[in-house]
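Here the chain labels run A, B, C and D in written order, and each chain numbers its own residues starting at 1.
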Amino acid sequence: MENHLLSIVTFLPIFGAVVIALVPKEKLDIIRWGAAAITGIQLILAIWILKVFDFSSPDVQLVEHYAWIPDFNIEFFMGIDGLSAPMVLLTSLLSFLAVFTSWNIEKAQKGYFALFLLLDAGMMGVFVSLDFFLFYIFWEVMLLPMYFLIGIWGGPQREYAAIKFFLYTLFGSVLLLLGMLALYFISEPHTFNMLILAEQSAQFGQSLLLGMNAGKVIFILLFVGFAIKVPIFPFHTWLPLAHVEAPTAISVILAGVLLKMGTYGFLRISFPVLKDATLWFALPLAILGLINIIYGAMAALAQRDLKKMVAYSSVSHMGFVLLGMAALTPAGMNGAVFQMFNHGTISAMLFMLVGVVYDRAHHRDIEGFGGIAKVVPIYAGVTALAFFAGLGLPGFSGFISEALCFIGAFPVFTWITIFATLGIVLNAAYFLWAYQRIFMGELNSKYEKMEDINNRELFALIPLAIITFFLGVYPTPMLNLMSSTLNHLVEAVKTAGMVAGL
Amino acid sequence: MADFIFWMIWALVVASAALVAFGNNLIHSVFALMGTFLGVAGIYIFLNADFLAVTQIVVYVGGILVLLVFGIMLTNQISTAQISQSSVQKGLGLLVVLGVLTIILTSVLPHDWVGSITPMAFSETVEGIGRLLFTDYLILFEIASVLLLGALIGAATLARKEL
Amino acid sequence: MIKLALFILFLPLLSFVLQIFFGRRFEDKKGEWVSVGIQFITLIMSLAMLAMMLSKNDPNFSIEVHQSWLDLGLFKIDLGIYIDNITIIMLNVVAIISALVHLYSTAYMAGDVRYSRYFGFLGIFTFSMNGIVLANSLFMIYIFWELVGLSSYLLIGHWWEKDSAADAGKKAFITNRIGDIGMFTGMLIIATVLGTFNFQLIAERIHDGVWAANAGMLFGGIDPHTLLTIAGILVFMGAVGKSAQFPLHVWLPDAMEGPTPVSALIHAATMVAAGVYLTVRLFPFLTADAMATIAFIGGFTAIYAATIAITQNDIKKVLAYSTVSQLGYMIMALGTGAYVAGFFHLVTHAMFKGALFLASGSVIHAMHHSLHKLKDHDTDPQDMRNMGGLRTKMPITFGVFMVTTAAISGIPLFSGFLSKDAILAGTWAYAANVNEGWLANLHMAWILPVFGFGAAAITAFYMFRLIFMTFYGEAKKPQVFKHIQESPKVMTVPLMVLAILSMFFVFTLPSVNPISDHGWFTHVVQAPESAVTTGPAFELEHFEHSLHEAHVPAMITSILVAGLGILLAVLVYLLNKISAEKLATKLGALYRGSFNKWYMDEFYINGIIRPFLKGCDALGRFDLEFYDHYLINGWGRNTKRTSKAVGLADDLIVDGAVNFSGIIFQWLGWTLKFIQTGKIQNYLIFVLIGAALLFVVNVF
Amino acid sequence: MDHLSSYLVLSAILFSLGLYTVVTRRNAVAILMGVELILNAANINFVAFSKFVTHNLDGHLISVFIIMLAAAEAAVALAIVLNLYNDRGHINVDEANALKQ
């Protein structure tokens, strides 16, 4: 069974989706608990994967490698290394918890959970695929359920949001496809195998495409495709809208996992395969990271809709990831991936909390509350914890990853990093300001009878809080998991740069 | 003699099929269709396809044709002795179909088919078909059985009064 | 000793955890005494450490342990504990004030809505403060630095139902974060150049020339000495935020919205002193220029805050500005190289300012109860204009106030005199002898003693103004006055303890000379050697020599200016020889400026925060309305338009062709009309036609 | 009879007639009949090629499957026709144009 863990963990949700599709739609309990059980098993398997995973090796492990469409040299190739292992854990964890956040979906629950599981499978597939073609298929598989989940179960503007999301990502996908095919046809023999592509890295730097350096052209193509998912500054406008309209659990998945796919794509494909182009593009990437940090934080400061604020804070936080990885130093790279994981847990918490208050008040206007800490003390406490985690307070994992990104980026991009530290203040400003307006001051008489957070909601939040806190105090396990792979990656890109004389 | 019988059957097939296509009475058409099916069975015999010939008769004449008759009977008043039927877009249809026929004939006939000079005379096909069915075509066979089951269930579900 | 330190560090955290998770259930069952007990245990442990230190009596004593915390193979961060004499003294300051404040709070906060949580927060504060004190590296200091910011935020906002309290908490946190940016950037520079955050290693490596060798990798080959100056000033920015130095001082007066014991603990004695403590830790790496900057900021803050304190009417506000001013003294002392004096003042100030705040809390407590009995909710219990004559009603509080005011004003026999005098002597010596750093030019360094002595005079004036307004004269509100009572024992005992600790002999034993600071303190605390080798560093030996010479004139001047301040206060507020109102109108703009804190808040709000928020708003709107709706959706709209145009052109061409050519196209058009028949048979025909056409095209 | 083309011509004619039936008839059952004709035409081709060109039994197999398919199709189609009749009272295909909307 250990040899097939990755397939099982990926295809289990599809199996679950089929099973749920067969359950009569009136049997709500079976549907919900079924989804919970499937994702729960997936989580256990993910933990098992970490147990068998050899932390000290930078190589891919738990490999499953079969020929799939031999005529085109397309392979069924799965495996994980220190880069994907945290993401696998994150995906299964958030999927499991998001099921509980979806408990009070009000219509067509069957379809919802079936699509949700399909989405889960797609995400998991993206993180374990080592064949670009397979990766692309999962990438697209994930897109469709997302469209329906936003478009059917979302808020008032759901259709607009869903279409916008869909078109944006589809646009990205097309470029991704082009980049992928370009890689395929330049490689010799033609292959989609990421590891082999990475070995042929030098070839892409030397070939020409459309009369330009192939590596650079492909890098840009892939960059746009991935940047839309992150989202990086000029491609970010789908995010606030999609977040605001999506149901809570989907926001959680969107922020927690989907955004990571963009940066994951960079580290999995662009960086190792297009090493020369990576070095060439590192500075623009860092600048975009800076813009993300400041722009996102400033936009967050301007929002009155709590969910939108949290959405823009995601933009800001993902900027740290970009900055860290652009630096191509061990500290920066580890910080970036660690930040990906931390942002997953923290933003998931934030979105869950927004969902909690929305369920009770049916609006998210920050100005529309006031003093509710009095009636909902536990909720106020948990929110305070999540907000402080979000603004990067030491003791929470976000601080370490942000600090590592800064430490890693500083020697390389000194001025950019200095400006980026402004983000620390802005983050604190919008979180605290929002907290004050919602929870502090005189109690708004409308909410005198507001119910405090219930046990089911707490059940979804507490594991995340514990992880955030634990990794904030003792980050070593997570860093050990990824550092050997990432250090190796940094080394490889740097060496390629030296060979190319950059 | 065999030649004569062959061409008779040939003509029977064509004629009855034409009646199916052009006839005005639906009942007549059905019976003409029976003629076509039987004729095709005969053609199979000339092609040394004994198993198919039998299957053709059993399934088509015994099964499908009966179903069609039921279909007609259930959808028309039984008292109507002559069930007339009308057609649409006859001219255009004829034109197009003739065109298609021309295309088929012009592309098929001039072609020099490999091996067509020395036809193979199968003596006995049942064993061979059986063997193939359970070796090379096993998956297809299984899928077919599932398909039939599906059709069975589907037809039963659809035919129920309260859908 | 390390074990003891670990206990001291983590016991308050235990108190926090217990209070947060279980406190609510034990609120009526004396649950708070668990925290108080824990705090006193830490106090005993700290005192044990102090005893050990005194028995060793070794100025160079230090131990360090560290543990790998974060290891990326090529990059690692260690956390650890570093203990030397300064650490131990600081631990004792924190433990003493914290324990007394815990005790005091049991009465002061009795019946509060979030009573148990309050003690929990005190616990986490004490934990983080001890963390700062014990930290062996900049990184660890930074961690706890943020955590004290957090606990400060939580405690200032303890009564968050009041908007002003919520605002103040937020303001404190954000203002501190601005300073922290600088500190963090400074840390980044140091870590990049030296590859470590550890204080000892930093000093060692700078001394060994690693800095000079590596600094060029940043900012395109910057001069190592300049970079070291920049790094020092940047890290010092953290101290500017935390210790409320100009221009980031604005949060501290607002922080008085928190409960008064909190003000005593966090915003007078310990947390705000963390900035000074950080500067103490930085001392060996500061270049002469960095030190000049630090001295100037400190000196300016000292006099600037003092001028504001004169006109405030809120008893806590006066003390708050006085704190800012005194912190300025400490910073200035460190900047001028008077290392021992700066740290000395930190310790003495913690004692007397803690006492002052707790005593003012006692007054407020009494006022509050009295007003409560009268059901008067409009009168401000903190406004000195509502007090007067309280000395008869509250003798203990009054006594403590007198002792500590004498201490802060720099009157001999009290601790403040010794430390302040040492600082003033330091500035004098600095001004007279300095020849490195930018203040050395054109005798600019003389501005520091001017700041120092000026602030000393003003301090004496406003402190006695406070005493006279509160405890002397007629009771302004006789009704209220009638119900005033002395506070309970749990409140007055801590006051008295702190008052005793404000006496000079506490710090000079075994010597008992009231005008000389020679004693155990000056023996165990000695300025470290500067590690700066890249360029002009501070010349400690030379300085200490001139310090000795400046000592006597500085002392005399200091007593004189303090006496002057007191005299003026007596004339104005005790004997009413000079009318305060007349003086105010005469001074006009100056008075208004001082009363309105020189309009710093207004400047920040109108000059920076509002425009910035407006900018954010504009950006948010730009993002949504222009960028997204106009540009991105415009793309969509344009695509739609283009397709429509293409469709139209198509129609025209097809139509034209129909009219133009003969029957075949007409027939085609006619068939096309039926394309949308919905009839399966028609579609089939079309398919066939299409297939046939394809065939024809293919073959011919 | 020993020549491939005679079968092919027959098959082509049968196919065309079937096609014509499908395209022109209004009655759904009649259309079904046309489909059967087409399938038969295909079968003849398969078997004929089996004998004259490939010289093996694969064509026969395909024919068997086609016959099976035809049976299934007839059953389902008839059920649909019955429903159509229940719904509208007639089974005229040219009036069943709900797709037009």
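A few notes on this one:
Convention: a contact is a pair of C-beta atoms (placed from the backbone, for glycine too) under 8 Å apart; a residue touches a chain by one contact, two chains touch by 3 or more.
Keep in mind that this is a model prediction, so the values were computed, not measured.
Using mean Cα coordinates as chain centres, the one most removed from subunit A is B. Inter-chain spacing, taken between the CA centroids of subunit A and subunit D, is 54 Å. Subunit B has its Cα centroid 58 Å from the Cα centroid of subunit A.
Subunit B and subunit C have Cα centroids lying 93 Å from one another. Subunit A and subunit C have Cα centroids lying 35 Å from one another. For subunit D, residues that reach two or more other chains under the stated contact definition are 19, 23-24, 94. Touching of two or more other chains is recorded for residues 88-89, 93, 96-97, 100 of subunit B. By the definition of touch given earlier, these chain pairs are in contact: A-C, B-C, B-D, C-D. Residues of subunit C that touch subunit B in their complex: 681-682, 685, 688-689, 691-692, 695-696, 699.
Remark: subunit D residues 1-10, 12-21, 23-27, 29-30, 32-34, 36-37, 40, 43-44, 47-55, 57-58, 60-61, 63-65, 67-76, 78-83, 85-86, 90-91, 94 touch subunit B in the complex. Of all residues in subunit B, those touching subunit D in their complex are 2-3, 6-7, 10, 13-14, 17-18, 20-21, 26, 29-30, 33, 36-37, 40, 43-44, 46-49, 51-52, 55-56, 59-60, 63-64, 67-68, 70-72, 74-75, 85-90, 93-94, 96-98, 100-101, 104-105, 108-109, 113-116, 119-122, 125, 128-129, 132-133, 137, 140, 144, 147-148, 150-152, 154-156, 158-159, 161, 163. Residues 676-681, 684-685, 688 of subunit C touch subunit D in their complex. Within the complex, the subunit B residues that touch subunit C are 88-89, 92-93, 96-97, 99-100, 103, 107.
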